[in-house]
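Here come two complexes built around chain A, the first alongside chain B, the second alongside chain C.
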Partner chain A sequence: MNMRVCVVGVGAIEAEGPILELSHKEMLFHATRKALDDAGLERKDIGSAITATFDFLEGRSLSNQYTLDSIGGVMKPCDLRLGEDGIYSLFAGYMEVMSDPSQIVLVASVQKASERDPEGLGYQKLIADAMEPVFSRPVCKSIPNLLNLESILAAMEARAFMERTGLREKDLAEVAVKNLKSHCGKKGSEPDMKTVLKSETLSWPIRRMTKAREADAACAVILASEKRAGSLRNEPVFVSGVGWASDRSHLPFRDQGISRETKWAARQAYKMAGIRRPEKEIDFAEVSDWYAHRELMHCEALGLCSSGEIQNCAKDRRFDKEGKLPVNPSGGLLGSGNAIGTSGLIRVAQVVDQIRVQANGFQIQRPEVGLAQSWGGIPTATAGVTVLSKW
Partner chain B sequence: MSGQSRILEGYVSLPYRWAMGETTTRFFDEFKNKKIMGTRCGKCNRVLIPARSFCSHCFDNVDEWVEVGQEGVIKTWVAVNFSYEGQPKEPPYILGIIELDGADVGLPHFIGGVPMDDFDELAKKVRIGEKVRAVWKESREGNILDIDYFEPVD
Partner chain C sequence: MTQAVAIIGTGQTECGKRDDVSYPELIHEAVRRAFEASGLEAEDIEAVVSGSMPPAMEGVANPHLYWVDAMGAANKPLIRTATCGSTGMSLAHTCFYHVASGLFDLVMVIGAEKMYEGDPQGTMATVADPFFQRPFLAGAPGIFSLQSNEWAHRYGLEEKRVRMAAAQLSVRNHNDALLNPYAHIKVKTTVEDVLASRVIAYPVRMLDVCPGSDGACALIMASEKMVKKLGIKTPAWVRGIGYCGEEAFFGEGDKVVWQSAINAAKGAYKQAGISNPRKELDVAEVYNPFTFQEMLFYECFGFCDFGKACELVEQEVVMKGGDLPCDPSGGTLCTNPIGATGLQRTAEIVLQVTKKAGERQIPGAKTGLAHAMGGLDQFNGVMIISNTLQ
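Take a look at the complex of A and B:
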């Protein structure tokens, strides 16, 4: 069967600090150019181009019209735009390839946190604006320090998660140390538990270092059918399963401290990929660790450990880079920063890099089946999951 | 049901700061010297205004800087004679798209230096395809409004 969808090229622009020398349009161009070069393709080969980011975060409405130039989408038959996390562009691209297996589909996302402001105030205001306005926003707006709104909401779910699982603040700090270590691995600077646990408390148990800092990034991924991919330069990586789901839209109606959306998204992706025992069949995963507790919540929901076992995973180090099932070997969002709205697609690119054994400095052993998961962030309950596997 | 429904007042506030990038920054710095610079694509030869760092058609980097003319032709225009919130200047005024000599894309800007009190007279001078020339402000800060307006060339 020639109907499987493959990733044939990836390109990303990331930086430790704000990217000021390039406009967000230029960042997207460079990511796209890199992906085309990686795949050995040109703009003329692109059949369809799709972006996923949020207008509010980009600071302009209808921003897809503005970024079309940057993704090679000028005068192409399809410019699809998703106001969603970057991983959703992969899902849309997947469907595009399925609908016309002869075409090359480019999906992309860009994010410039530094344009909102270095402290993320813009995003905090956005969260206040994302809250349901009649019942929830009035109790959020009266919180004295608006800056901490995101952490306040995160703290509520973290507390519920810790209460249910018995996980302690130390366990959350371990996650941060693990991911910072993976990220800093090459540079040799070793963050320790003490530093993490001494970092500023934003809203207990959320600390400065157990919450990912915001970052600027752009990412592009090129998709093709198995048949088309066979004639291209790179060994393709199969998209063996995709799934996405949302829990109840009203935050107080949701079960707290559990990522049901991730569980449901994974269920779909696993069904497609024929995965029955994820903890045995998945070799590694890149998941959203927007907050340290979220990494564990997501691993639990993804079935990367047996039911009721998540508290042991923190102790037995199975999610370490050298562990049984490495989680976030790239350093995740806690390590490399969170390009809100784009980081989901970067997770996909990182899984592809691992499977192609091209994850410079982050490479793990024998990566054949990888999982990428992304979550929309507070106050959403939306998640996307994809399983990628070796050709 | 009482048939009544109250309104809850609120607002959405999104402060933002856009990084222009090095290419746009240089484009505006050249304005201080009354120069309008574009970039030429080495593949399709198009000259892009404002200067851009890549060609959306050939999808490659573009870094050859060329100065374009201070004169160009009107592609289209509109006379604005009403007020709205956040308006850039007091009405009446004319907004147009101008294709500068040596450039392959249009530039949106004001058209001025014409009598605004008589539309028929105005429409004789401001016409599609008519030649216009940049009029610079005395004090220039490196932004799009350093050009005060484009005036018809007799």
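Take a look at the complex of A and C:
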């Protein structure tokens, strides 16, 4: 393939707390405006628009139907990903640009967790709804009022992972401390191991601080072909590989404590990007750390360490911001919060910022090849991987 | 596009109330038939695209993940699309992009719906935004009756004439469905029956409205390279695609001179090199959940001038034996498993241009148009399919 696809603009709206002053549509509008300004483009330049959301989180059907106006997608080709992370809209956009190199495609996603009650029963019901309904969902009956369902399922896989690798709770806490440090670094309020290990146990080993809190965010990414990008303001960041995959429908058919879907997605992305030894060729990664154990599971599946070596990674601090292969230098989801369905696209934006050396406060050294990974969350087994590079 | 795309296999299920099968079993039925039609197996497929109505219909948050095993999609790239009525066409387009981009050579696309198990009107009512539109836009017929009335009023069409043309279309669709083994509603009707059937939302009557069906449809798309490699003798080539989305609010767009439908068709015609659709198309599967809407689409697609659609029906241009026969499958009017409907339109055109449509074959059909409409009356997608690449 001679033609390459580039990211020419990114825009994200993120906040520490709830974003009360902006609606869904406004959040997306501002993210889009930022991305357009970043790329030096206007609404009329957008050729096609793709959005992604989760209906059950929004409480309405076809919930991205009413955000097309916000992203400049009216009277244009569009596509709606439903029940998928925003990173999937990037994959669809990538294919559109590859099919028609003259096209500029905007992909976007928004999540407003503060409009519902992330801690409430509603979210636990959603977890049950996301399960295969005939054989897997009845399992939930054994949990009174579905209380803590998410954490129970997460704990199940975390324990399988710990059992297989010999990792201890302390190692998971270490991940949380690392990411919180990266996130809070510049503010000077560094959390320590003790605080993490003392935080409330949701379902052992899942604790309040080893699970990412939900957050509000919107993100827009603009894609164009290399040729088209040449006439734009920014140095393009190349999308050199994309991959996505899903594992089987039934929980009992899947191996717990291993992310096969990430492995498969990475295989596709690496093949496209011509990466043979990811641990050497990738400079840094932004992966889903929805739970602390997931960061390590994903790094293992992505081949960011040799097989059977994940135990050592916690010790030799290679995934630290100053380490050999920084993982989540932005602080990840544990640090900055998890905007479900948008966080994957935000990981992409973070990688782009790093490669452009614009990651204010989070910048790492020599970022040339970066990886963004997203996972569908409990109880799904679906993942997307993007490799971005400077050259 | 990086490489040309062909459709090399179709698989449809019988539609209707399918309580003999579960959701995954229904999907598997379509998938199996697509494999049988193309001589391929699950292992050959590189990526899978799937979709259905918004998840409130299924009561499962990520329905595509629930179907992974039925589609043979585990460990493959799987992506989901949902745009309500046009889901099937969005799916076909997404699948097209998979191959056209050069990323994959053999991709399967599946659309499905079990409407008897869900609450279709409930799901559709929650598509409208919760603050301004939901209180008065209840379900589908309300929206489409507004559009029908607006159309008739705009051109000063006589009520009796419009009703008569719609009734003739209804009879044509119902007669055609009798010949389609996959169709849902199979009843013999007459113009008198249609005119006398009860009003659902004026001017739409019982026999002017589509049913809600259970059904699934699968297609396999391949690159030119793969068509040659597999030695496929009768591929159907995708010659052009067009898609357009409108404002979220129903009242903001003109639904008579319907810009999204016009743009979608124009885009597809341009890619396919079609300048006079009425002459160059041999067959069309126009999305027609409501008879009145089918006439409106004739105008937007350039089959006739604006305000002249009734003439196409009166002069039998769109009937079998006419210049441009439409909906030989019986259309959406007789079969509507929403997530699969757009794919069924595509599948029918594939069967027609490859001369595999059996009793309902349009003689000499070479190039056809497949279409679907969705969202909150806001998305239109068109695909032009031909039995030759050039």
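As a working rule, the second predicted complex is superposed on the first by the 376 of 391 C-alpha atoms of A that agree within 3 Å, B and C clash if a C-alpha of one lies under 4 Å from a C-alpha of the other, contacts with A are read in each partner's own complex, and residues count from 1 in each chain.
Definition applied: a contact is a pair of C-beta atoms (placed from the backbone, for glycine too) under 8 Å apart; a residue touches a chain by one contact, two chains touch by 3 or more.
Computed from a prediction, not measured in an experiment: that's the story for all the values here.
*Asks:* Both complexes share chain A, so when I overlay them there, do chain B and chain C fit or clash?
*Replies:* With chain A as the common anchor, chain B and chain C both fit in the superposed model.
*Asks:* Scan A:Phe56 for contacts with chain B and chain C and give back first, second, both or neither.
*Replies:* both
*Asks:* Touching A:Gly72 in the superposition: chain B (first), chain C (second), both, neither?
*Replies:* first
*Asks:* In the superposed model, does chain B or chain C contact more residues of chain A?
*Replies:* The larger set of chain A residues in touch belongs to C.
*Asks:* Classify the contacts of A:Leu22 with the two partner chains as first (chain B alone), second (chain C alone), both, or neither.
*Replies:* first
*Asks:* Consider the C-alpha centres of chain B and chain C from the C-alpha centre of chain A, and write down the angle between them to the nearest 10 degrees.
*Replies:* 50
*Asks:* Would you check which partner chain A:Gly243 touches, where first means chain B only, second means chain C only, and both and neither mean what they say?
*Replies:* second
*Asks:* Which holds for A:Pro133: it touches chain B only (first), chain C only (second), both, or neither?
*Replies:* both
*Asks:* Applying the document's definition of touch, where does A:Glu115 land relative to chain B and chain C: first, second, both, or neither?
*Replies:* In the superposition, A:Glu115 touches chain B alone.
*Asks:* Between chain B (first) and chain C (second), which does A:Gln268 come into contact with in this model arrangement: first, second, both, or neither?
*Replies:* second
*Asks:* So, does A:Glu96 touch the first partner chain B, the second partner chain C, both, or neither?
*Replies:* Only chain C; A:Glu96 stays clear of chain B.
*Asks:* State whether A:Leu36 touches chain B only (first), chain C only (second), both chains, or neither.
*Replies:* In the superposed model, A:Leu36 contacts chain B only, not chain C.
*Asks:* Once superposed, minimum distance in angstrom between C-alpha atoms of chain B and those of chain C?
*Replies:* It comes out at 6 Å between the closest C-alpha atoms.
*Asks:* For chain A, which residues lie in the overlap of the chain B contacts and the chain C contacts?
*Replies:* 56, 68-69, 74, 126, 129, 133-134
*Asks:* Which residues of chain C touch chain A in their complex?
*Replies:* Answer in residue numbers: 1-2, 22, 24, 51, 53-57, 59-70, 73-84, 90, 93-94, 96-98, 100-103, 123-124, 126-127, 129-130, 242-249, 259-260, 263, 267, 375-376, 378-379.
*Asks:* Per the contact definition, I'd like the list of chain A residues that touch chain B in the complex.
*Replies:* 18-24, 26, 29, 32-33, 36, 42-43, 56, 59, 68-70, 72, 74, 112, 114-117, 121-122, 125-126, 129, 133-134, 137
*Asks:* Can you name the residues of chain B that touch chain A in the complex?
*Replies:* Per the stated touch rule, the residues are 8, 10, 12-24, 53-54, 56-61.
*Asks:* Could you pull out which chain A residues touch chain C in their complex?
*Replies:* Residues in contact with chain C: 1, 3, 49, 54-56, 60-63, 65-69, 73-84, 88, 91-92, 94-100, 126, 129-130, 132-134, 243-250, 253, 260, 264-265, 268, 272, 376, 380-382.
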